[in-house]
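Right, I'll just put the structure down here and ask away after.
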Amino acid sequence: MANQAVLGLYRTPEAAADAVGNLQQAGVADHDYEIMTGVPYPEGTFGEPPVRHKLYVFPFIGAIIGFTLAVVEGAGTQLAYPMVTGGKPILSIPPIIIISYELTLLGAIVFTVIGIIFESRLPRPALGAYDTRITEGLIGVVCTCSEERVEEVRGLLQRAAAIEVKVGQG
Amino acid sequence: MTTVRSGWDHKWSMVVDIDRCTGCQACVVACQAENNVPINTEDIFKQSRAIEWIRIERYWEGEFPDVKARYLPAMCQHCGNAPCEPVCPVYATYHNNEGLNVQVYNRCIGTRFCANNCPFEMRFFNWWQPVWPESLRNQLNPDVTVRNRGIMEKCTFCVQRIRRAERKAIQEERDVKDGEFAPACVQACPTGTLVFGNSNDPESRVAQLMKPDHPRRYRLLEHLGTEPNVVYLKKVDPYLEEAQNGSH
Amino acid sequence: MQDRRTLTDIQVNETLTNTVLKTPLLWYVIVAFMGGIVLLGVLAVGLLVNLGQGLNGYNRPVMWAFFLTNMVFWIGISHAGVMLSAILRLAQAEFRRPATRAAEVLTVFALATAGLMPIVHLGRLWRAYWVFPYDFSRGIWPDIRSQAVWDPHAISTYLIGSSLFIFVALIPDLAVLRDRTTGIVHSIYTLLALGWRGTVRQWRLQAIAGIILSALLLPVFVSVHSIVSWDFSMLIGVPSWHTTIFAPYFVIGAVHSGVAGVITVMILMRWLFGWHDYIRREHIDSLGRLLFVVALAWFFFFMLEFMFGLYHQEGTEMVVRELWLFHAPWNAIFVIFILTAFIIPVPLWLFRSVRRSFPLMFFTTILVNIGMWLERFLLIIPGLMRKQPFTFSWGEYAPSVFEIIIITATFALVATMILLFARAFPLIPLGDAKEARVLRDEIRIGRRTVQAVLREE
Amino acid sequence: MASEEVARDVLQRTFVKGGRYRQAVIVLAAVFLLGVVGFILKLGQDRTQWGYYAATFSYLFTVAQTAPVVSVAMRLAKNHWRRPLARASELFAVVGLFNLLLFIPLLILLPSIEGRNTIWILGVWPSRFYTPHIFDTLMLVGLVVLGLLFLWTAAVPDFAAARDQRGGQGRYAFLAMGWQGTVRQWRVQRALLGLLGGLYFMDVLTTHFLIASDFSMGLVPGWVDSIYPAFHAITGLQAAVAVTIVTMFLLRTVGGYREYLPMESFWGLSKILLALSLMWFYFWWSAFITFWYGRMPVEQNIVQLIMFGPYRPFFVTAFLFCCIFAIGLLIWNPLRKSPAALAAIATMILVGGFFDRMRLYVSSWSLATTTDHTLTTVPAAIWPQVPDLLVIAGGLAGAVLVYLLATRIVPVMSIWEMKELRLYQVPRQLVRRRMLSLGKPD
């Protein structure tokens, strides 16, 4: 059976926070509702639980990959063509350090960005229950629930002075 | 690709005896002819874009009326630790196993990094496509590449002659004899200022002249530690002091 | 403290997306003009390819000249961007908000331009790709002992990194544009916005991303200019270049010119797009203070470099300093440089009234960048003209018309790119502007209300 | 705790010291006397033997006299967590007085610049006195004076508070100079703090430049290393932050100022410490890579002398402690948030800093002649003798002693700034989230 997404739109953060409060009292699980804002409010403004994420892992993976590539490139090219230049050793370490420094950071950055997109659950092909007024200051509380709870949830959202409540595909 | 036979141990070096140099520029002409160096017209000189693989640097010394001209024949020093080599991003110049500082024309992309790092300013850039008048087309040396626009070039110790001598020696299954051949400049020098040979062979004339204990021995910009492969012998005259200051 | 209007989100969207949705007529005029200059530059480069580097003012001692001076200059400008937005993000400085994206965009385009310069200066620039380690057909990869290989690595790292930085910060604004456009444009923005909905989680990750990426980009930003400086400082062939201070000296100089550049751009934006509520006096003021500190630090390093040129009284160094100080036209250039880069602007910034006046800050920052361009010129050229004691091969240098055209074109290029970017994306992050409103607070102490800002405990 | 209580509590802790304090003073005094003995034993040795003494002096300069810069910089940055730690770092200015004493013998030992290629002009009078001597003395004395002025300006309101509690009599009446806390006085004090702070900062940089170039680089023929003074200054700042952290930790644990020193202050400093450790590497690397790539004989000898040659153990220790380990540990937020761990790291950095100074100063003082054109041979290492160790211990003990005695007079916690903090920091509620509202005057 298809899940439904109920979206309540609020003008003030207080109202939105009340809506979230209602949902929590009604025993809606934390992962079943989301708050959508056009403004980055500090974490916990709406009494929602803190965000859990593994973003910090990504840079390290990237760094390791980048470093490995750099060492392979640096040492490899020098050993592959054993040509003496400027009386420097065939395998000179300092240049390898410089190259690996750059590529390590490059790897870390690229993977961080991948991580951000992945952890923010993007890219998301369909917006689902969404309202363009959210980017104009309204605050949306969207709750995904099964068919039979739709009316109850609609009521919960409505009670918190919602200016509109919409039901869409979850 | 190198023609060095196993058991050979060549280090091609040159000795320049300043005392013998008259500044006649024969070496310069010979080099131009041998190595297909583009013609340096007057305005090219004025732009200081002239290409001379070997040049006679002239320094004036003393005050008028007793002014002395000092001549310093200068060519690529084929440094042991050549500063020009490691700065090249594409291995267009490197050190080969005969002590030569080699320039690979078709690998060069013209960063001119090497030219900046050469303390002797012995590397030359082809600013334009070189052209020769119709009449001179046929005197170009077939053994030497005509360098393209946009790449570096410099003295090679006439590597084409070295290779020829070595091939000959290989055919006759012997080592290259001292004085068997010489680069164009050495061949052309009337006073025997320039001496060329294999400095790894202790009997060779070069090795004799460039002995570390030679009283007149010095090398250019030695404090840079580039270990030049060209050794200079001081001028012997009462103006020794000035001579040193002039060229050093 | 001038009073600030409180703007609703709708107003913010209105004004900050006006570059995209209703572009001022002036925009087209400027773009057309700048584009013309760029085309001229492209033509000049074409001639260089076709006829050879002989067209430029190079000669035997002076093998590098205007192009690399310009490269160092643009690398310098490019450093403000990320440096500003990264450091200020980490320091949670409020006045960063209107500056960040403009700074980052300036970074990217200045950097791209800088990357073009060494290619344009190559003898066989159609072979430039040989310095990248990918060419299998030639059977030989670059020699990583060469600084000319470190540069591509560093510059591309920095370019990729800062572009991604911009993109990540841009996603929420793309969502705003998606919601405010229709038709084909709408579908493009929809694609770019990746379906951003502004959930709490997404905003949270935005914040963390800002911090992590800043922390990762700062080391890159330092390394890039250091490596560029090592192109010069490692060459024993040019004694006046061969000094250990170059890396930090170049970096601090870059920050000096770069922050100045950002201020210039912000004032221009304010004037061109009329963002008087976003780029305010106190922003310029705070940036001015920062610039003042940076300028002092830069001067410290400049003195170090100058002093140690003379410290051991070595001929090869002395002769270059002599050229700077006593020989025309170099002494004139030196005087202009030191006046414009330090003596005129920096004491002026001591005065609050100057720091808070847009025209004055505009002109002083322009002055700084004139001075810093000349500084790079003085660092690079005289050293080459007087390389070694062999007076026989000392030389002179004068730029050719081609070099001048191409240099001018690079400035036009950066301007055009930024304007084109502004046509497609907002130059001030909307989210930041809105967040500032949420976090703004006031504390009453007796009769005085003090501006305050909310922080997470 | 409320403002009045702050004043009473802090002053109480300043006036009345526990037994542990007395013991510490006695022990330190004893060690200092040992140092004096060591100094007497060293008398008559030639310059090459005085490297460790020079290292001690430079270390104290690096750590103690650079420390006030921490508070200066924080004041410039106007951040909120600076207030509890400002005084602790400013107070290090008094150690400068002690360092001046150590400086006098060095002045006598510093060789003349005759026959050297140097930018300095020969001093004219008196004959043993040359420009380095003159400039360094001026700068160092200036630094001490500025430091004490800065400290006094920052502490005047607290002196006044002490005076009022002591019934308007005694030394505090003198120190407070009749401060009443009128609006005008506060404004003047604020301006003065800014001015003196800026001057102090510049003077520190210049003095680092002079000491680094005259007392180590100038003694090594052919050592032209323009980044060295900057490296000297950066390591100085690193040590300054480290020593501030250690002091804060001690105040927090032993001194009983726990509730004044929030974790936030440690955390803030830790980030700066990390940045400075990264810069340690950067500045060292800039010099190293230039020399490595240049491969000039003199440069290779210099690298041998100060890095990989006779003093390799010292260099490696410094490199690991101040740079590699420091960075490797400081990137972990949990460590940066725990005062104890942070203090441990800071201590490590301080130890490493001393090894760094030894490898730089002992090596450069060990050269017999300063008049050659280039450095041709690297002399063998000079290992510390008993007198050297005594001198080192005594020097460090003396510095700490001076600081301890100063805390007897000057409150280590800046009372007026703690009160100010309570004005500008107000808890607020944003919908469901508790926030902190930070006021920024002007």
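Read from first to last, the chains carry the letters A, B, C and D; within each, the first residue is number 1.
Here, a contact is a pair of C-beta atoms (placed from the backbone, for glycine too) under 8 Å apart; a residue touches a chain by one contact, two chains touch by 3 or more.
This structure is a prediction, so every number in the text was calculated from the model and none was measured.
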Per-chain CA centroid nearest to the all-protein CA mean: C
Centroid comparison with subunit D (C-alpha atoms), farthest chain: B
Pair exhibiting more inter-chain C-beta contacts, B-C or B-D: B-C
Where subunit A and subunit D are represented by their mean Cα positions, the distance between them in whole Å: 44
Distance between chain centroids, defined by C-alpha means - subunit B, subunit D (Å): 56
Whole-Å separation of chain centres (CA-atom averages), subunit A against subunit B: 65
Overlap residues in subunit D, where contacts from two or more other chains coincide: 289, 293, 295-296, 430, 433, 435
Per-residue overlap in subunit B, given as positions that touch at least 2 other chains: 81, 83-84, 86-88, 91, 224
Set of subunit A residues in contact with two or more other chains: 41-43, 46, 81, 83, 85-88, 98
Pairwise touch network: line, ring, star, complete, or other: complete
Subunit D to subunit A touching residues, read off their complex: 288-289, 292-293, 295, 430-433, 435
Subunit C residues within the subunit A interface of the complex: 8-10, 13, 133, 140-145, 149-150, 153-154, 156-157, 160-161, 164-165, 167-168, 171, 175-176, 179-180, 194-209, 212-213, 216-217, 219-220, 223, 227, 431, 434-435, 437-439, 454, 456
Footprint of subunit C on subunit B - complex, ascending: 47-50, 57-59, 72, 74, 83-84, 86-91, 107-113, 115-121, 124-129, 148-152, 221, 224, 226, 248
Subunit A residues within the subunit B interface of the complex: 81, 83-88
Subunit D - residues contacting subunit C, complex: 76-77, 117-119, 202, 205, 209, 213, 222, 224-230, 271, 278, 282-283, 286-287, 289-291, 293-296, 423-424, 426-428, 430, 433-442
